[in-house]
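Each of the next two complexes has chain A plus one other chain: chain B in the first, chain C in the second.
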Partner chain A sequence: MSKGNFTRRSMLMASATTGAALAMPTIFSSAVWADGHTGFTNAPGDSSVTLGFNVPQTGAYADEGADELRAFRLAVAHLNGEGDGGMLNTFSSTVLDGTGIMGRRVEYVTGDTQTASDAARSSARSMIERDGAIMISGGSSSGVAVAVQSLCQDAGVIFMAGLTHANDTTGKDMRANGFRHFFNTEMTGRALAPILEGLYGTDRKVYHLTADYNWGWSQERSIRAYTEGLGWETINSVLTPVGAGDFSSYLTPVANSGADVLILNHYGGDMVNSLTQAVQFGLRDMQANGKNFEIVVPLFSRLMARGAGSAIANIHGSTNWHWSLQDAGSQAFVRSFGTEYGFPPSQAAHTCYVQTLLYADAVTRGGSFNPCAVVEALEGFEFDGMGNGPTLYRADDHQCFKDVLVVRGKENPENEYDLLEIVEVTPRADVTYPVDHPDFAEGQLGTCNPGA
Partner chain B sequence: MEAIILQILNGLDKGSAYALIALGLTLIFGTLGVVNFAHGALFMMGAFVAVTLKRVLSISFDTIDETRIDFLGNPMVVSTPYVEVWFGPSVGGTIIDWAVPLAVIVAIPIMALIGIIMERGLIRHFYKRPHADQILVTFGLAIVLQEIIKAFYGANPIPTPSPEAFIGSYDFGVLLGFDPFSIMYPYWRLVYFGFAAVIIGAVFAFLRFTTFGMVVRAGMEDREMVGLLGIDIDRRFVIMFAIAAVVAGLAGVMYAPILSPNYHMGMDFLVLSFVVVVVGGMGSLPGAVAAGFLLGVLQSFASMSEIIELVPGINQVVIYLVAVIVLLIRPRGLLGRKGVMED
Partner chain C sequence: MLGLKKADLRLFLIVVGLVVFAPFLLNPFPESVGMAQFNAGYPDLMQKLVIFGIFAVGYNILFGLTGYLSFGHAAFLGVGSYSGVWMMKLLTMNVIPALIVSVIAAGLFSLLIGYVSLRRTGIYFSILTLAFAQMCYSLAYSVLTPITGGETGLTLSLSDPRILGAAQAADGNIPAAHIFGLGMGESAELVLGDWSFTFNVGYYLSGIVMLVAFYLAIRLFRSPFGLMLRAIKSNQTRMSYTGLNPRPYALAAFVISGMYAGLAGGLMVAMDPLAGAERMLWTASGEVVLMTILGGAGTLIGPILGAGVIVYLESIISTINSSVLHGWFNALPDWLENTLVNIMYPFVGSGWHLTLGLVFMLVVIFLPGGIVEGGKRIAGVFKRNRAEPSGDIKKSAEPGE
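Let's turn to the complex of A and B:
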């Protein structure tokens, strides 16, 4: 009987080598994250994964929050293979197959941001620490987005921002773990300025009313840079307190200021009130400097336009997405959402739905729930079929670059949803700004944080 | 000069709302001794009476229009209001268009009932409790009412326009010899100012020239003595609570076209109205009205960009600044009775 040299040690060595050899393709395709699903915050088990949807359920943006939540529910249903699949059928990436995320059923918890940074951080923290959420998404305010994004960075989870339009979210306050699909005020300026030039010429005098907080300042800075670039002169700029309600004191000086354009850098209830009251004060009927007086609302939202009623007629602004778009992705989403809820989705719903699918797709392509794998999969990701044409998640700032819509309030809407009409689809190339743009250059992504 | 006239008009308009709410607050404090933090909610509920009436008048039946398609590509469902069927499109349309003025009539019994339920159901149990308890319970009630409204109507503002006849602005510039368009003021805001003047006048006349009012005023001076004379002053005070609720509600109804109603609008007005009451003098009805208009005008002037440039942020603090000064110099308020809230 010969004694072979097959020892326990050599068997272990052989096993390890074989294992390593088998794992080689995965190691190279999924970088260092193929070590499975441990070593990061809230690593999911084998059966399910929990996402955290942090939306305003109370406060001034509760209606937008409710629409975001509807979209999240729909996205989860589609990821789990329920319903008609929505944009999964049109998304250019085809790794999502309706079996959850990497074979795990998607579950979710919700939080209430109350459109207040502290409350939003508190509910996000609770979803991460108590409920085990591995990704946080949603929100309808830039202040909230910046605050929650920072929390997610520290906690080691991914933040897929909801409706946030201030430049700072992917500018000064950008974070490696945070991603924004929604457009920003710089893009609004780039998209809107050529349309305004075509409509109102190059010789205009502008009066700005600006909401006195992060987003308002960002919006004014951007639109002002582009209108002044057209040759328009800024006559005055007045900061208004958020939630002022009655803007009459701010509106009455406009008529005698020498301005012939009023730009309302307001959103939400402020936009509804300031626009309605500007129309009540006869500004739309006025002539100034021999021209028709015009009003511009840089950021339009259908939900808010509904509040302003007939005052929106012929007012121009920009929006991230609109349900009347005819591309296959938009049509699929509107069909799913409309069939489920009985009315078309808002732009807030659209961005939240898309962000959820993009996260699931990134996890699947990256082969891991590890936030750093997700970051790697999303950075520089090019996709289509999600309603905005070919889109890029730019690696340098985690901002999506895609077409931007310029819209106009309809004069004779046929129903309560038919409020805006698309005037122009500004191509992605025209709204893309350089990484070193002064309004964004201050920010640093830093490195991704997997937590744990 | 045009700017000054415009800000005075703005102030009178804003002051009208402050005065109406403060009038109700003062009535309740003067009669029942209760600091009612739910009073702003009554203003908000008045605005939602207008919203509700408009919706009720717009109740429709649906028909399918095969020639048009909806957002899902299905045949369009067209809604036709019943009132347009019953009274014809022209008259029916006018009835819906005039929903806000009609809501004034509807709001009177509704707000009176809400006031009585509020007083009998909750507030009367807190008459003998400290003011802090009253503030807490009425503030809690205001939040409950807000949330009920939000649950039914959502959080976003609901456009509730004035009748077509009052849309547009009056050009005071031409009237006063200035340039056209230099002093434009919306018709509905002028209507609101006139309406507020009528309501304030009616409340004062009621208290001044009726026996009921005389008893109430006597009760406000010395409740115990009126009781000893065999008069059921409590019953009259309950009615005064209902009247205060009606005044706040009517202020809200007519304000709906100015500020699209939302569930939070009452709270925005409440705090300022309390300052108005304190500046005017707790328990003083003329004081509440005078301070309402005074602070409305001051706030409008403080919101002028020239003033903000001189003193940044003055628009947000001017009312509180005036309140501090008045309380330092004259703790009882501008027209407050001696001895009331001077401790």
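Let's turn to the complex of A and C:
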């Protein structure tokens, strides 16, 4: 150890140096050398604007991610006036004319969320800081959506959420710079409950298997609230680890539990495995309490249905959108997607495509890329022609309110894409919940942040 | 100077130079050319480079000196992150309390885990630490959700108390992390022709912390205490026969490296205030082992280099996609372009792990002492060429430690 020899001179010199070092960044940031700042983060130049698409390219939701990326590419092509224009022709707002956004050509960068909050934030940060992205979109998990949404709020860019179904995204963790077009578990509960009542009556005993994370709990809470409202009794609820792979040890006790309905609050690969195994166990052919044993999957998607194969026959669930819808918007989108890639789009692709167009439209109507102008243009925006009927972006929580589909697995699918059939289109009025709903409490939007 | 020997001082000054001029060094390519893909001079990556440097330097104190191979250090990083975010939620957005508490929390936690795990050595010690870390991960992911935020991660919110600072910024948003008013996200840009260099407050704060941490590590390496730790590695039985109890020394090294990990975790949330459970996953623990071995375990600068290489590969290689590859080989004839792209594609994008694996294999097979040994060999070649007659070969044949 050396002896310290502090003299007054060295003290003064040291403190002066430290002071200068601390002041350095302030000198730099005094905008003398900085250029291109026009009051908000990543203001685009005159010729092009960059959007950031952050999707899972690896991990459990890679299928959804790949489909989202296809949709983003299609949306960018349509905005730039390439291809057949897709939903631009059916969208009720007509300010987009195929010349990019406000005359700037749309370019994009992509990132991999790996379905992990840290990785997603880091790839979003690199898109914002390195590539100058002015809007971030995509994702296939609520955890990631919440994490990236708060990052975008802090950085001062707009976040257009992709597939995220948990209530928290526009509930507890809502942010002013974030917008969600996808529906949520509360809407699933509201849409599914009347159908379940009609099919299975009011005297049922339910067993829940729930993915042990934010979305799973949210899903279980909503569906429990509504099934118990019907008079159904919840026998048991078991949390399963995400990515468990083998669910047999969770399914064995179900048969002798006295329950006659099994609700699988699973998504993606977990749902494929748990549903397939439940059917292999013979639960569907069982009788319990003098009734047929039933299985319900609250959140359905075509990609999952394909994974589960014949196990999905006659199983009910809800979904945000399905390609077999007959309205002009859905038809136009399915046509351009099919022409480009040779198969119909999934609901994840649909929501990402729509979100991109909605962003471009809001910028054009607001007349500026400034996030605060975009927020103002999107809040309370009422539109149609995007495949879900008349839709409202509610100003209080930045959640879209639109019709919800209740679907059923087809018994005899004609091809590998024709797996679900629509049982009921629950109208928007029935799935709209009040702003002060307890499951969405304690969230605050804050105010829009335009960044530097 | 600074109580360092000449060689150590030179090494320290080199690291100081690297940290100060990193914004220039990492942005060698002008923005308009295709090679700009390889630029790393943006705040997020620069911050991560130095933060993982701290993590690896700390890990090296345990693994490089005592030889105890811990597979659970990510747990301490996670504990540091969570306590850092909690300080920002409860006290203030100033990062100083967050950093201090992260170090203390990780230190206490590593004392607990170290006390239990260090009853065993070798593979059993590794397994114990791995088990503890996985336990922490599972707890953080689901059971302890009220404290850790579970899968979503622990985030700040407008309703946090923040008793020493403002709960809300003037514009109604969550205030940004800062150090005495200077925001972590604030940057200055210097545009020189086609180049643009970013000087970020958060990066320079992390850089200064890293230099302090590195300086302390050098002093520790050269101290009598460091010698004791080396004795544990070379022969623990002999050490006990001389009347010394190795366990307190090993435990001290374990706690110190845990505190370094906590510091890194605290800095991470200071730069980006969110703590996710996957930070504690065993792959994250494995990564720091890779960083240390890749750079050169037991050397001073090795872990910093190893951390740099891995973080850089992860961030840059993983963002290269097939359209970027096609852009590079555009000038070539079509068949050649497609062949080259097909050969390279598995190694970029989501396949960056494959590239990392190859690099790691090559280093372990041909340079067991890591990047540092590679540097020494190259330096040795030049030295020999210059001073051939004096026969300076013996010196370069010294072990990498």
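Heads up, the rule we're going with is that the second predicted complex is superposed on the first by the 415 of 452 C-alpha atoms of A that agree within 3 Å, B and C clash if a C-alpha of one lies under 4 Å from a C-alpha of the other, contacts with A are read in each partner's own complex, and residues count from 1 in each chain.
Everything below uses one rule, namely that contacts are C-beta pairs under 8 Å (C-beta built on N, C-alpha and C of every residue); 3 or more make two chains touch, one makes a residue touch a chain.
Source: prediction; values computed, not measured.
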### Message
One more residue to check, A:214. First (chain B), second (chain C), both or neither?
### Response
second
### Message
Once chain A of both complexes is superposed, is A:449 in touch with chain B (first), chain C (second), both, or neither?
### Response
second
### Message
For A:116, using the defined touch cut-off, is the partner it touches chain B, chain C, both, or neither? Pick first, second, both or neither.
### Response
second
### Query
Looking at the overlay, does A:143 come into contact with chain B only (first), chain C only (second), both, or neither?
second
### Query
A:155 contacts which: chain B (first), chain C (second), both, neither?
second
### Task
Please work out whether A:256 is in contact with chain B alone, chain C alone, both, or neither, and reply first, second, both or neither.
first
#### Entry: Intersection of the chain A residues that touch chain B with those that touch chain C
58, 239, 241
#### Entry: chain A to chain C touching residues, read off their complex
1-2, 22, 24-29, 33-35, 57-58, 109-112, 116-119, 121-123, 125-126, 129-130, 142-143, 146-147, 150-151, 153-155, 168, 172-173, 176, 212-214, 239, 241-242, 442, 444, 446-447, 449, 452
### Message
Considering only the defined contacts, which chain A positions touch chain B in the complex?
### Response
58-63, 66, 236, 238-239, 241, 243, 245-246, 248-250, 252-253, 255-256, 269, 272-273, 276-277, 280-282, 285-288, 303-304, 306-311, 323-324, 334-335, 338-339, 343-344, 414-415, 417-418
### Summary
The chain B residues in contact with chain A across the complex are 2-3, 6-7, 9-10, 13-14, 68, 70-72, 76, 150, 154-159, 161, 167-169, 171, 181-182, 184-186, 188-189, 258-260, 262, 264-265, 268, 299-300, 303-305, 308, 315-316
### Message
Show me the residue ranges of chain C that touch chain A in the complex, using the header's touch definition.
### Response
2-3, 39, 42-45, 48, 141-142, 150-153, 155-159, 168, 171-174, 176, 182, 185-191, 198-199, 201, 204, 272-274, 276, 278-279, 315, 318-319, 321, 349-350
